[in-house]
Amino acid sequence: MEKVDLDELDFAILSFLQKDGRMSFTIIAEKLKVSIGTVRTRLNKLIEEKTINIIGRVDPAKVGFGAYAHIAIFVRPATFNEKVAKKIASLPEVSFLAGTSGDYDLEVDVMCRDNTHLEEFVTQISKIEGVHQTKTTIYFKVYKYAQPDLNLIKEGYGIA
Amino acid sequence: MEKVDLDELDFAILSFLQKDGRMSFTIIAEKLKVSIGTVRTRLNKLIEEKTINIIGRVDPAKVGFGAYAHIAIFVRPATFNEKVAKKIASLPEVSFLAGTSGDYDLEVDVMCRDNTHLEEFVTQISKIEGVHQTKTTIYFKVYKYAQPDLNLIKEGYGIA
Amino acid sequence: MEKVDLDELDFAILSFLQKDGRMSFTIIAEKLKVSIGTVRTRLNKLIEEKTINIIGRVDPAKVGFGAYAHIAIFVRPATFNEKVAKKIASLPEVSFLAGTSGDYDLEVDVMCRDNTHLEEFVTQISKIEGVHQTKTTIYFKVYKYAQPDLNLIKEGYGIA
Amino acid sequence: MEKVDLDELDFAILSFLQKDGRMSFTIIAEKLKVSIGTVRTRLNKLIEEKTINIIGRVDPAKVGFGAYAHIAIFVRPATFNEKVAKKIASLPEVSFLAGTSGDYDLEVDVMCRDNTHLEEFVTQISKIEGVHQTKTTIYFKVYKYAQPDLNLIKEGYGIA
Amino acid sequence: MEKVDLDELDFAILSFLQKDGRMSFTIIAEKLKVSIGTVRTRLNKLIEEKTINIIGRVDPAKVGFGAYAHIAIFVRPATFNEKVAKKIASLPEVSFLAGTSGDYDLEVDVMCRDNTHLEEFVTQISKIEGVHQTKTTIYFKVYKYAQPDLNLIKEGYGIA
Amino acid sequence: MEKVDLDELDFAILSFLQKDGRMSFTIIAEKLKVSIGTVRTRLNKLIEEKTINIIGRVDPAKVGFGAYAHIAIFVRPATFNEKVAKKIASLPEVSFLAGTSGDYDLEVDVMCRDNTHLEEFVTQISKIEGVHQTKTTIYFKVYKYAQPDLNLIKEGYGIA
Amino acid sequence: MEKVDLDELDFAILSFLQKDGRMSFTIIAEKLKVSIGTVRTRLNKLIEEKTINIIGRVDPAKVGFGAYAHIAIFVRPATFNEKVAKKIASLPEVSFLAGTSGDYDLEVDVMCRDNTHLEEFVTQISKIEGVHQTKTTIYFKVYKYAQPDLNLIKEGYGIA
Amino acid sequence: MEKVDLDELDFAILSFLQKDGRMSFTIIAEKLKVSIGTVRTRLNKLIEEKTINIIGRVDPAKVGFGAYAHIAIFVRPATFNEKVAKKIASLPEVSFLAGTSGDYDLEVDVMCRDNTHLEEFVTQISKIEGVHQTKTTIYFKVYKYAQPDLNLIKEGYGIA
């Protein structure tokens, strides 16, 4: 794990932005009693290093994605894993893609308009060389979508 | 589905912010050839309605979350589903929680410091009344974390 | 099995109606070279005995049922099987309900407007006493919906 | 989804025919207070568009189909899905065939004379190129076979 | 099913032999009040037609078969089913072999001296072309080994 | 394992009877060059000790058992295992019953007239206290039904 | 994780003992060019802290354990996990016991004389309150039993 | 099973070493009232025959192996089993490797630094020819790691 080096100020900035990604430098600087320039420099570094990524997360149900689903993908032979992952990652419907320790090899989360669109998507990825089997589960209801509390890892940085 | 009403301008604003959550009103206004006030009003409405949520997503591996996992939860009896979901949603380790159509009832994604922390977390939720069984899968490698292309749903709003 | 007694004429009438449920008595009588009265008497008997049931099958996708699904239901304890089946059979979304030999106890096929409606339906049946677990699978694409060829069973009636 | 356009009259006609596929034009016209010609025109259109299909459903147990079963089919590679579906759809024993979101690719419902006939059928489809595995479940007892209430989708057409 | 023709006398003879395979013709004839010749003729016919097979079943645990197991065999491609079955049937350890409707294709019951012998057997069949996977379950304790009551099928022969 | 003590003569007698359960004492004595009395004494001892059991095995398909099936039974709580086994063993349809090392607790093999009879049987055992779940698999085709070669265990008795 | 503090010398001592648990202090001291007293002090500390545990591992097959098995245990409710683990840990047959992230809660590895002994063991643990289900898998053949290379973790201690 | 010949003295020596692998010859000799030479001769023989293996078992958590896991490996075709086992056995992370009777073919226990290291390991073995699928389960907490009581097998050697 290529863990980055963070101090208490970095943590504070990350925490504010986790809650409100558009909080202004002025407000952050005021709250943390540091200069605006310091906040800007720190945040730019955190963004460049990809420690934080500030994104607008569109609520899929609100804008009309009627089929939000989790697709388990079994890749065979295993040597195709990376290739399959790259092809799937490029598809616009995909919001999350990860390799897993479980019985399936890749987990893909997708947002589709409706079940017909979802079916077309599944058919499309089924044709990728190396995709052996897919299993689709609908997310019926999202209860939480958030970032975990950074306090959980502060101790590891020697910050009380 | 309580789909909101969106026009072409809303879509354009959402698309910019999906890519860069901190893009300034000035730049958005310039690009879309509308006034800054219009952009601000629209975005405020989109945020208030919870159509978009601008968050800083911290990369778990970068900051030292060494155990990013997916936990499938089987709830029994089924009437405890909502109660269990609420209790789990309140835990700081949880980054995603949804009810699913599959063999398990709830999917919880968590970020923990390491496998010992993960074990403590699983033990903790196993004690919640109604949690019948849990099954933990490690996310070995995240290939993509993004928002789907809004072009996929434009047609449903009568926008070419 | 309370098998009914059928002769060659019954088979012929059943076959015509399997293909076109509204074929007129006149045409059937002509084709089979029997009187219209005979056709009417025979058909009425077949309908009364519930050997045939003439129904208009609405195509779910055409009229806006966007979530056609198969729900496997696990009943515990097994003595609740009949009771659970009766309650589920009374729900308007249900188009097919059967007890099975497999790992689950009841198979329910439902037609819902969309995944939100499907989620509500699954939540509703999960609250029925005796429903231990449910597992939902979406029917992505229906390739065939028909009646099997009656020729397959003619031999059992001594008809070549 | 290529949803058709339906008005209140269409719904009323469909509802009558769902219950009794042979209800005469005269009676429908009377009940709905429209002309027989209107009913005929409307129904013909609904049938031509394949919105409704009026079929005589023969009760399998009554006529001697002693083995009514559900066969889950796993297709490999996934690109054979359509081809396999077409071949299976042409077999006379098949009453339902659909692609699914689940762990198996195709669901086939068949009606056979007895378990020996069922075994022959399974052996036959196992030989189709692309059929990787089959899993057969017997339908022990059918509790309901019906069409869902059209009232469930009226709202989507703006009909109270 | 090539069901044979049996009358009440056949049933009586079969029933006696199910319980005691060495019951003498004299005793059977006395009990049924028919001639010894009749019993002999009937039994020979039943044996020739393979309706009954009189075997000495050795208790595996008593004579030192320490590993009595059930092996589920998955055959791929399915066209190898018959060939694989024939090869396995010829092995001396096999006491039962059948094709099944379930997730696996063949069920093999074997009696081995101990787990080492069982391991060698499983390795041996794993090398047969077409054997894709095997899954072995130990029979821990046999509670019943018997023939079902012929009374269960008498009715089908018109015998009260 | 309460292994019995067997010598070469015992083995020879057991082997003859495995193949033909009605082979006469005279023929066995001749073949083994011992007195008829010796054969009788030995066999009686083997039968009394339950080392061998001579039974007439009726071919289920030949006499009209149209549904030969394997039922996996899951018992909960585990303490009910013996009680459930005893109740099931007493049912006339049961031809084999054993406790297993696998995911299910008891394996029951049954012979029923047809699937309707099988359904009634499954419903009946589902009502036994302690039966948590059942899973039925049809035996489509029996390829072998035999006793394993006693040569496999001779070595353990010091017999070449 | 309560990781202990180790230096290069500790690693070297641990590595020697991993290979030969009875290597004498004299030889270790010579090889590492330190005093015998240093080796003794270090090893005593490593043993006291439980960093290393020097055990004679008896080869189960060599001494007559004919049934070496892995038992997956499902505990319900989850709150009984610790209690069940403690009871099972005290049984003499158990060589390994761990809580897992998978579908089952505890993995128990046991060495039994034969399958009869194994069956008795499984029956015994099935009676422990909280044991919901067990699934036993035989270890057919052990290919490796060893300690992993300490070089794999040296880097974490800043040792090249 | 190539069971070795052991007498009471062998058993006593093995028992002492199971508990403390470094117990001196002097102390063992004293406790068993035999000469030191006898103990040395016996132990050397037991080690040469590989009846016992005295190893220092390093506690993985203590020294910084943060990911202790069980990997189920499915080999296809089955003929690759031995080859795959040999390749995996040579990897330094592997602490246990066995062929099993279950649904998977090989069980591998590995100790890795963290989940990233574990992911690399799984990727590495996935590339071995013949590895069809892997499924990784984390050992969350080890409750017992020991040798089974030799008293369990004494009887088999005629030792009370």
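As written, the chain order gives the labels A, B, C, D, E, F, G and H, with residue 1 at the start of each chain.
The criterion applied here is as follows: contacts are C-beta pairs under 8 Å (C-beta built on N, C-alpha and C of every residue); 3 or more make two chains touch, one makes a residue touch a chain.
Just so we're clear, the structure is a prediction, and the values are computed from it rather than from any experiment.
Trainee: Counting one step for each move to a touching chain, how far apart are chain A and chain G?
Mentor: 2
Trainee: Chains touching chain E and chain G alike, please list them.
Mentor: Chains touching both chain E and chain G: F, H.
Trainee: If I superpose the C-alpha trace of chain E onto chain F, what rotation angle comes out, expressed in steps of 5 degrees from 0 to 180?
Mentor: Best-fit rotation on C-alpha atoms: 180 degrees.
Trainee: In whole angstrom, how far does the Cα centroid of chain A sit from the Cα centroid of chain D?
Mentor: Centre-to-centre distance between chain A and chain D: 41 Å.
Trainee: Taking each chain's centre as its mean C-alpha position, how far apart are chain G and chain H in Å?
Mentor: 8
Trainee: Where does chain G touch two or more other chains at once, residue-wise?
Mentor: If we look for residues of chain G contacting two or more partner chains, we find 1, 61, 66, 99, 101-102, 114, 116, 118-119, 122, 136-138, 140-141.
Trainee: According to the definition already given, which pairs of chains are in contact?
Mentor: Contacting pairs: A-B, A-C, A-D, A-H, B-C, B-G, B-H, C-D, C-F, D-E, D-F, E-F, E-G, E-H, F-G, G-H.
Trainee: Touching residues of chain H toward chain B in the complex: what are they?
Mentor: Checking each residue of chain H against chain B gives 61, 66-67, 114-116, 118-119, 122, 136, 138, 140-141.
Trainee: Which stretch or stretches of chain E touch chain F in the complex?
Mentor: Touching chain F: residues 1-4, 6, 14, 17-22, 49-66, 70, 85-86, 88-89, 92-102, 106-107, 110-113, 117, 137-153, 156-157 of chain E.
Trainee: Given the complex with chain H, which residues does chain A contribute to the contact?
Mentor: Those in contact with chain H are residues 1, 74, 76-79, 81, 99, 101-103.
Trainee: For chain G, which residues are in contact with chain F within the complex?
Mentor: 69, 114, 116, 118-119, 122-123, 126-127, 131-138
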